[in-house]
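For reference, the structures are reproduced in the following blocks.
Two complexes follow with subunit A in common, the first pairing it with subunit B and the second with subunit C.
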Partner chain A sequence: MRISYLGLLASLSRIDRRIIYLLVACAVALPLLAASTTRLIPAEESQSFHRAIAQLAEGETVLLAVEYNAGTAFELEPMVVTLVEEVFSRNARMVVSCFDAQGVGLVEETIAELAAASGKTYGTDWVFLGYRPSAPGVIISLATAPYAVFPRDHRGNSLSDLPLSSSLSGYADYQLVAVIASGTTAQDWVIYGTGRFHAPIIVGLGGGIGPTFQSFIDARTITGLIAGLRGAAEYEQLAGRPAEALRALSAQSTAHVLLVLLIVVGNASFFAARWLERTPY
Partner chain B sequence: MLRALTRPLAILLGGAAILVYFVPHQAGQWVEARLVDWLVLLQAAALVAGILALIRRQLARVRSGSLSQRIYPMLMLGSMAAMLIAGLFGTTAATAFGALYGSVLQPIQASMLSLLAFYMASAVFRSFRLTSAPATILLISALVVLLARIPLGEQMIPRISVFATWIIRGPNVAATRGLWIGMGLAAVATAFRVILGVQGPSGGGRS
Partner chain C sequence: MLDPALLVPALLTLGVFSILYRENPVFRCIEHVGLGMAAGYALVTIVFNGMLPRLVAAARHPGDMAAVLLALPLMAGIAFTALRRNALGTLGVTIAAAIAAGFAVPGLVQNLILEQMRATMVPVGLSSDAGFDSLVIAVCVLSTMAYFSFTREPRGIRGLAAITGLYTLMISFGASFGYAAMSRITLLIGRFLFLLRDWLHLVN
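Here is the complex of A and B:
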């Protein structure tokens, strides 16, 4: 009888991959339909991220450097949404730059909608610089000669004609630099923005690269860090604006539990098969 | 002739970039501003060169391949032409470019990354095995961090976030700090090889 149970367990390793796909689909879709949210214990670095935004005073300016496209928007866009809402609610102003050529439309549309909802005026309360290639070049230029790389904004206005961007000279113009990135741009910001020009930086990252930036938090190179959907959800909770990330976290919860179960069952099945191979009967 | 100039240019401009970094003189800043302008311009030119190379390669596949092999290159070239032509008439959300971007490109990109979840689940089921001590350590660490990142995990094992924080702040930071330092040293070494003329800027060695 024990052998037959082991045989059953061993046979699981040959399970059709479409069954696994179906399980993943259910694990992600069902919690989203249930639309439940949970209370989180925010990490210290998430609290620092939120504190940096919460300390902004009226009229101060934030440089928001964004790098994501539709593929990575699911965990980074909620960060941008909460951050922009918080900045506008404090009557602070914002200069936005995009570091992903394929994300320009997405970023502009999102921020334009939020600005309209907050009653903010383009040119006075926010400016969208758009995309330029070479992140290191753009980061250095924003510190030394912003108009050389961005003579005009994404909408074709001369930057020197817009009230918000008429007198940009470097990072001293900004109270804070917020980097929300899915790729290597955040690394460029640490090397050039903070390392060379001492810009005060907070960073929002994709879950995959988040842990690699922990050393910059410990070294106080960056002020705050939120990573992945969990980081976005913690930030939403801290800002008192529960939205997309907190809702989506329940789907990520079940997906993670499914992954853990798959690892455990996969290993049990592997060892059962190996034991059966070694047993003569 | 032009190829012969790449090495002296790399030595000259690389040396200038290092000098102006450490010399905060007005003249140095002027040189740096020009170098950064060129950096951005060259990257934009590289983007165009890449697109042209892609078009050439796809055209070659259309010419030489069988009917089934021609479908994807034709689809790619057609899509590229459609976006290019649509972009000529404006790129805001209300234009044809905006409609193609929002209704075609965005869903494709989102779907591409979403598929990773399915492949990853299948891969961890079949490949993540406790076959050695390092694999076991990696697996246990992954399980702890996976569970600690979700509210359900904290509810199932209340103290799990303490272990996950230790893993991220301890071994993870130690490893990534070493990685960053190694990457930095490698970048400096490569830059010096180019600036000192030991290695060509295209990556080809002298010997």
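Here is the complex of A and C:
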């Protein structure tokens, strides 16, 4: 009987991969259909991220550097949405730059919609600089000579003609630098931006590179950090603006539990198969 | 009521998911269309936001040395790509790489080495959370360094330190892998939300 249980366990390693895909699909879809929600205990770095924005005073300026495209939008756009809503609700102003050639249209559309909903005026309350190649060069230029790289904004306006950007001179213009990035741009900001900008730098990252930035929090190179959907959900909760990330988190948790179970069952199946191979009866 | 405007993206999404069942021409077609569109969009953005403004500025203001100097590496880069390793192109790329390295080295040394070393060299102890965290970090850093020390065969204490370092690395890679898996699941949730909420209206 013991052998038959082991045989059953061993046979799980030969399960059709499409059944696993179906299980993952169910694990994601069912919590979304059930509209279940999750309550989180925010991490310290997420609280620091939110605190940096909450301390903004009216009229202060945020430099927002965004890097995402259609492929990574769902992970990072919730961060941008909550951040922009919060900045505008404090009547702070925003200079936005995009660091992904494929994401320029997405970023501008998202922020323009949020600005319109908040009753903010382009040129006075926010400016979209657009995209320029070479992140290091753009970062250094934004800190020292913004007109050299961005003589005009993405809409073709001369920066000197817009009230918000007419007096831009560099690092001293900003009270906060927020970086929302899916790739290596965030590390470029750590290398080239830290020290050049005297304002605190907060970072929102795609999940894949989140853990590598934990050491920058410990070293106080950056002030705040949110990573992946969990970080975005924590930030939404802290900001009191529950939205897309908090809604999706229960699906994420269910999928994670399933993945852990599959890893455990897969390992158990592997060892069971090996045991059966070595046992003659 | 299904939104007809969302029919195309919904069918494309389902077409991409079809690879999970088995290899098929619909998936390959959508894959190539998607890659082509992404590359085309990026090319247009780079040309109109990076290349043309520089070339136009240099052509319009030939006396403006800053505009001409910025256009020169760009033209050298184009020559490098188009003519394959010609002297002008190599010179342009060399200058660009040298300038980038010059800007990068101070930031790399300061923020990725010195600041990390400073954050590692903190008081350790068992009496407080911070002290214990620092102790764990110190042990992990030293044991990982021991793992990458190849001057002598790792035996005894050195072997134990190397094994600890190996496990430290595995835990670190495991954390990164967990986050990467979370990232992929997030993108899957995004597509499911699009299908279930925006297209089928099954979710409010």
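The rule we apply is simple: the second predicted complex is superposed on the first by the 276 of 281 C-alpha atoms of A that agree within 3 Å, B and C clash if a C-alpha of one lies under 4 Å from a C-alpha of the other, contacts with A are read in each partner's own complex, and residues count from 1 in each chain.
One rule holds for everything that comes next: a residue touches a chain if its C-beta (ideal position, glycine included) is under 8 Å from a C-beta of that chain, and two chains touch if they have at least 3 such contacts.
The structure displayed is predicted, hence computed values, not measured ones.
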item: Partner chain in contact with A:Gly208 - subunit B first, subunit C second, else both or neither; value: second
item: First (subunit B), second (subunit C), both or neither touched by A:Ala148; value: both
item: First (subunit B), second (subunit C), both or neither touched by A:Pro133; value: both
item: Partner chain(s) touched by A:Ala29 [first = subunit B, second = subunit C, both, neither]; value: second
item: Which of subunit B and subunit C A:Leu8 touches, first, second, both or neither; value: neither
item: Subunit B versus subunit C as contact partner of A:Asn267, first or second or both or neither; value: first
item: Contacts of A:Thr38 with subunit B and subunit C, given as first, second, both or neither; value: first
item: Partner chain in contact with A:Ala73 - subunit B first, subunit C second, else both or neither; value: both
item: Touching partner for A:Glu109 - first (subunit B), second (subunit C), both, neither; value: first
item: Set intersection of subunit A contacts, subunit C complex versus subunit B complex; value: 21, 24-25, 28, 69-74, 101-102, 132-133, 136-137, 140, 148, 207, 211-212, 215, 218, 228, 230, 252, 255-256, 259
item: Subunit C-facing residues of subunit A, complex; value: 18, 21, 24-25, 28-29, 32-33, 35, 69-75, 101-102, 104, 130-133, 136-137, 140, 148, 151-152, 154, 190-192, 194-195, 206-212, 215-216, 218-221, 227-230, 244, 247-248, 251-252, 255-256, 259
item: Residues of subunit C touching subunit A in the complex; value: 20-21, 38, 41-42, 45-46, 49-50, 53, 57, 66, 100, 103-104, 107-108, 110-112, 115-116, 118-119, 137, 172, 175-176, 179-183, 185-193, 196-197, 202-204
item: Contact footprint of subunit B on subunit A as seen in their complex; value: 13, 15, 17, 20-21, 23-25, 28, 38-41, 43, 69-74, 101-102, 105-106, 109, 132-134, 136-138, 140-141, 144-145, 148-149, 196, 207, 211-212, 214-215, 218, 228, 230, 249-250, 252-260, 262-263, 265-267, 270-271
item: Subunit B residues within the subunit A interface of the complex; value: 21, 29, 32-33, 36-37, 39-40, 42-44, 46-47, 91, 93, 98, 101-102, 105-110, 112-113, 117-118, 120-122, 124-126, 128-130, 139, 142-143, 145-147, 149-154, 161, 165, 168-169, 172-173, 176-177, 179-180
